[in-house]
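Just below sit the structures, each encoded as structure tokens.
First subunit A sits with subunit B, and in the next complex the same chain sits with subunit C.
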Partner chain A sequence: MNGTQQLLTHSLDTNEQTLRDYFTKTPDLVYCHLLIGEPKKRALLVYLNTLVDKNSINNNIIDPLLFETKQIHTIADIQLPIGSKSYTTKWEHVIQHVFQGETALFLDGDNQVLLLDTQGWPQRAIAEPQIESSLKGSHQGFIETCEKNIALIRRYLPHQQLKIEETTVGRRGHTPVSLLYLEDVAHPEVLQELKDRIEQVDVDTIVNTGELMQYIEDNPFSPFPQFLLTERPDAAVSNLLQGRIVIVIDRSPSVMIGPMTFITFFQTVDDYSTRWMIASFLRLLRLLAFFMAIFLPSAYIAALSFHYEIIPLNLLLTIGESRERVPLPPLLEAVLMELAIEMLREAGLRLPAPIGQTVGIVGGVVIGQAAVEAGIVSNIMVVIVSLTAIASFIIPNPDMSESIRLLRFPMMIAASLFGLVGMVIGFMLIIGHLISLESLGTPAGSPFAPARLRDWKDTILRFPLWMMRTRPLSARPTQLTRQKKFRK
Partner chain B sequence: MKKCIYAILCFFIASGCGMKTQLDELTLALTVGLDEGKDGKLLVYSISPVFNKESKNIYEVIRTVGMTPRDGRSKANAFASGKIVGGKAQNIIVSKTFAKKHDMFSYLDVFFRDPKNSTTANFIVFDGPLKELMYIRLDDKPRLSVAIRDVILNGHINKQTTKINMLLFHRLSLDRAQTPFAPILKVHKGDLVAAGIALFNRQRKYVGSLSQKESPYFAILQKNIKPATSLTLAIKGLTKQKEYVSISVEHGEFSYKPSFRNGVFHFDVHMKLGVIVTESTTYIDMKKEKKKVEKWLAKEIQKQLESVVKKLQTYEADPIGFGLYARAYEYRQFQKQKSWSKAFAKAEINIRPTVEIISYGVLQ
Partner chain C sequence: MTTMQYIFLISGTQVGIGILSLPAQLADIANTDGWIAIVIGWVISMIASTIIIKTMAKHPQDTIFNLSRRYFGRIFGTLIHLAFVAYTSLAAITVVFTSIHITQVWILPNTPNYLIMMLFMLPGFLITRNGVRVLGRYAEVVFYLTLWMPVLIAVPLQKGTILYMLPILKEGWAPIFQAVKTTVLSFLGFELAFVFYPFLKEKKHGIKAMVIANSISAFTFLLITITCFIFFSPDETPSLIWPTLSLLKTIEFSFIERFEVIFLSFYLFVMSTTGIPYIFTTVFGISQLIGKKDHTIVLLFTVCIFIFTSFLYTPPFSHIQTMGSWWERYGLWGAYFFPIGLFIYTSIARWFQGGKNK
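After this line comes the complex of A and B, so read on.
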């Protein structure tokens, strides 16, 4: 409607007519006619009853208006017990705010509209994060409302340097996007880069955080994620303190964090609340899992197709016996099983919990036993596939875990065509890609490439917290000191 | 796009599918045997595992007659169900009669020259015609190749024999200062037995052997004591009767001092052995008589070691590596020798072991 650029008129009837022209086929839009003040003056209350808190409207707006005894000249004379309100004369604002669950109060003879904050859409209670279970950290997870999510973060950082910048993305959705950062730590260039990229996004709407991520990431052809998605406020805060920027998107239960490095996807915020030796062991375990998940099936294929010499004799005999009835070459055998386990995983993921169990049983019995007994695959292959699957589940970040699962298929093909040499080339390509990968213009390979030895304290091993006195350089923080030296 | 092309090009310089050696299509020659047939021709045996549940045997033995081992393998390929490869070979076995007649090195050449063959295979001498071993049926043992390997390795650990892999055999064959050796395997009442050590001369021909009883002393001379070397010694003690004391040598310190006097090499071999008494058939108070017992033990060990060395000298075989010491300390004299073996046979070797008893055991 081209009327949205226009201004309101002084006539209530004209205004109502404009509204009715605009909101056609909008049955949830409520027009509530009131006579307020002494002498009575006509007023109109407009709201979308699906998006408002009805209690608030009844008690805080309609009730005081009905019992208003003062004379009302202009809309500014109306006093209502609602904290957040604004005035506008533009149709554009009226419509946008009504769609966001605010209530518009029109007064006859006034071209200003009072917009009252009465939002009350359906929302979930704050609950334990579903995807990233928390062992030691907070058990509050982000929900679908931006304000609540910001509140969760602010609780950790009640500090004036925590800045929030709001903007909207999407022509239709007007998705509110908030950037949170520590002004004295986050690098202004990185922040500007992020803001520029978000500004350029011109889409209908952003339904979920993952969508925005794909629009603004550095290298869309990389298999690796370049932003971290988390639904844990403690993880977000931990990253804020490292000088990274948290992007909270309304209507989405996960927040996006950038710039990220490759190694941060192997860290969890729980690491920092675990004693350093245990945390270091877990880090090593995850890195081992990373290599296992990528290379184990391909190593099996390479060894069986090219380099039988590298298998110790006793294992070779076991493999030989186990593969005796298998009609498929190693590559097909491995791809078949890997696909089967991926299907199982995907099937279990989307199914409701009661049926999900059935998938596990069917998969376990059919693939684990029947396939081996039928002689389609070998025992060793089942062991390898299971190990690979478990290894990929150890990676704490689901995005990274999925990237790794995907990468092992090209690796398997390379191994079956070129053996160990193919695996090595594949590995070199991955390494080369990781070195050149960037996240918001900062190197994603940091602190390995470029090598920043000081930051290695928080990579393969997690040094004791009191030894990590500086923030990692990867996010280019402007203030490096994280803590004073207070312990020897 | 350019990057993509480079990435793909990377793979094209790699070795291709033609080099594929699918495990399923291979016949792994785990044991290779060389023997002489009736008319002087070379018999090549190879044992490979069979993974088919329908077949009765878990391994197959292929026998071919050829001019060389490689020739034999080429002929064997006609029999085998897959391409025969030697990359996982565990044992290379030659029969004693064959080893007596021929220079082993030239027959083993293919195992050194072709990099696809394993150089860590054990080299073994078999006492008897090889078909006795190849067609043996061991119902209570794993696959024959594994069983042979295990017998030799176990024998080596317990010092009942020794072991030598192809790489070491290669080095000893070419080294002027040493001669090769090998474990002996024989079949005794249908069972595999490790039976001492075969000695080769400079020409890599079999010349003689050390018995199973002499093997531990051979190991001691090689300074190969770990994990422990068990000896049973007959000593005439207080009672003047035949008594036996078993000891386990735990550690030792050695010094080999060569010198050249009056035209012959002299070796002063000193060794300090730390032993644990594990068995004694007499009732002597070891604690009181410690010094005496130590002396008796040392004397008996000396006797045994000297007899082993004497034997080596008569065979003109130096598997211990006395020549290495001679070359290191008396290089000029060593260089003058036309043949180290001959010089070794004439050498004076004094062995002076001392024994220190670490422990007498728990209960007495």
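After this line comes the complex of A and C, so read on.
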């Protein structure tokens, strides 16, 4: 039908025919004819029974309509126990809302339609976040329904400055996208930039948050993530309070947060609920893990291929003994083992949990023991690869952890070609890239480059909470005071 | 560019390859009194950089390239422009080839120099491409990343014999003044204020920033020179080509040997903050000359020339020394005499113009 721009008519039969012409081969569309009011008047209830809450329709719409005793002149006379309703005369709106699980009520002799909110689709209960588990944070994670996710965030911030802007993305999917921000903190330019970028997205649909992220990120050729994806409401709220913008996408269990800086991918919610010394220690641990995950295998390769003179003699002898039967050069040995670990990880992730454990055991035994005994790799290599793997698992954000695991491979190649010099040049490239990287037009290298010394309180170390009196400048907040000085 | 970034950019340019050989040169001329020459050189470089800032502050949005055209007209302005670009390119070439040479001598003896050149040009390209803002951030990060290095260099200080420093002024003032010529040149790098000053956000901190930058460099020079003098005997220091690196040979840990290899690899960061600003200035100057806003194409071209040259030409140490001495001769004019002349000229020119307007 080319008439979705058209208006409804006053005749119920014409309207029904228009609908039937439009929704062909749609068996889940229900047409429910009713006679309502005194004297009886014909009415038509239309809904997609796969997307509605049937109880709500039966109890809150059909039941009161059947027992209606007043005279119904126009559709505005109908009173129903449903809070969220709207009127329209446009076919376009009718169709759009019916597809979103609303119920349309047509009345004979009226060209207006009453749209009633009866949405009810299959959804899962709110559960503990699976990927980002935490010790002390809340145990509620986001689910696939936008409204519930916003509810989870609002529970933390019942404040009038928390604004929500809604839009849709996708020609076929009409994915509802909501932007949440604190109006007096978030920078209007950043917000406008984000809105412009989302507006430009012209695709069929957005199936998952990660897709939208790739459509709107600043530098698609960067190995590093520029938006944070999280399934934790508490993480989302803490970022909202720092002046960032939370993007909630319907049908996706994670929300997207921007603009982000590099260091924010190393912070967790637990850091703030743990005492500051322990939290600082964990931060240092993560930083160490970052360097180990990138540089440890390449350092081993560099030392063995170029600079064996830097290894003390005793250690060199041990390594030599362990590598005695290994036919592979260090680079191949390392790449082989790293790839094996990556495969194990991927296999464990994709397989159902009971079989996943088997993979772990098989991998552990085969790689840990048999490969060494067979003389394919050396003991030291196994130790280094395991350490690297553990280090990369410490990085709390899965996206960042994956980026780091990827960077390890070019670094190993550089180390095998140029030794330590190659590693340092690689490090230089990473730094050079990070300082020019931007997220929504704000520097991702902040607070290190450009240096904002005041923001260092929440980076390598986590200072006591009462000392962090200002919001970090990285998201360009327009209001800086986070808390008053109430403790000396 | 924030004031901090500006400071680190200037001092990063100053501290680079010169410092590796400075103690030997000083000891050669002025024996252990060379450190006095550093102090004198520090004062002179501060005066020169103040003059540069004073000149530049007359037209705060102008780089030296705009300024020369404004005062000297089209032809002479372009000539000065060309001369400055030639100077910075000479500096860039010297720094790049010297760092490749050092890398080859100390870390990668078997790697051909064109491979190292290609490797070095990667970060050079990446960081230069994004302009002054990223350059400033890079200098800042590198400063924080390399803070541990002077501390480590000072470790041999406690093993040294402080008596080597005595008596002060053992040969009178004459050799010290001779050595000033060397130390003054090790402060080269501040003349890039000619290009970077317009990008400084808070212009009123201009002179202060230059003083701090020069002081950071002077402190580093002093620390390392004195450590060398105390640790090696006064007779041994001049015989070493790279005394600063020899200093590191003495540092040993139970878990790592030949620490200078690791140190020198990391020292590439320090060398990069010397080379990249010069490469940037050259590329920026050429793009301005041919009227291009975006300097990426010129940069790409420059990088290709560097790599191509390295295929054909591997400079022996004597050539590198020659390059260094050219740079120094040119630098003496470019960084000390030229600013003074320019300052006097612009002051007179403005005075005349001011007279006309009245």
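Operating definition for what follows: the second predicted complex is superposed on the first by the 487 of 488 C-alpha atoms of A that agree within 3 Å, B and C clash if a C-alpha of one lies under 4 Å from a C-alpha of the other, contacts with A are read in each partner's own complex, and residues count from 1 in each chain.
Following the convention adopted for this analysis, a residue touches a chain if its C-beta (ideal position, glycine included) is under 8 Å from a C-beta of that chain, and two chains touch if they have at least 3 such contacts.
These figures come from a predicted structure and were not determined experimentally.
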Clash-or-fit label for the pair subunit B, subunit C on subunit A: clash
Partner chain in contact with A:L304 - subunit B first, subunit C second, else both or neither: first
Contacts of A:I435 with subunit B and subunit C, given as first, second, both or neither: second
Partner chain(s) touched by A:G320 [first = subunit B, second = subunit C, both, neither]: first
First, second, both or neither for A:Y215, with subunit B first and subunit C second: neither
Partner chain(s) touched by A:P329 [first = subunit B, second = subunit C, both, neither]: first
Partner chain in contact with A:Y22 - subunit B first, subunit C second, else both or neither: neither
Subunit B versus subunit C as contact partner of A:V421, first or second or both or neither: both
Superposed model, subunit C segment overlapping subunit B, candidates 8-16, 116-124, 152-160 or 350-358: 116-124
Touching both subunit C and subunit B, counted on subunit A across the two superposed complexes: 306-307, 309, 417-419, 421-422, 425, 428-429
Interfacial residue positions of subunit A with respect to subunit C in the complex: 306-307, 309-312, 315, 417-425, 428-429, 431-433, 435-436, 443, 445, 448-451
Subunit A-touching residues of subunit C, taken from the complex the two chains share: 2, 4-5, 103, 107-108, 111, 115-116, 119-120, 122-123, 126-127, 130, 134, 136-138, 140-142, 144-145, 254-259, 261-262, 265-266, 268-269, 272
Partner subunit B, residues of subunit A touching it in the complex: 304-309, 313-314, 316-317, 319-321, 323-326, 329-330, 414, 417-419, 421-422, 425, 428-429
Residues of subunit B touching subunit A in the complex: 7, 10-11, 14-17, 19-24, 26, 28, 30, 49, 51-53, 85, 87-88, 90, 118, 143, 146, 149
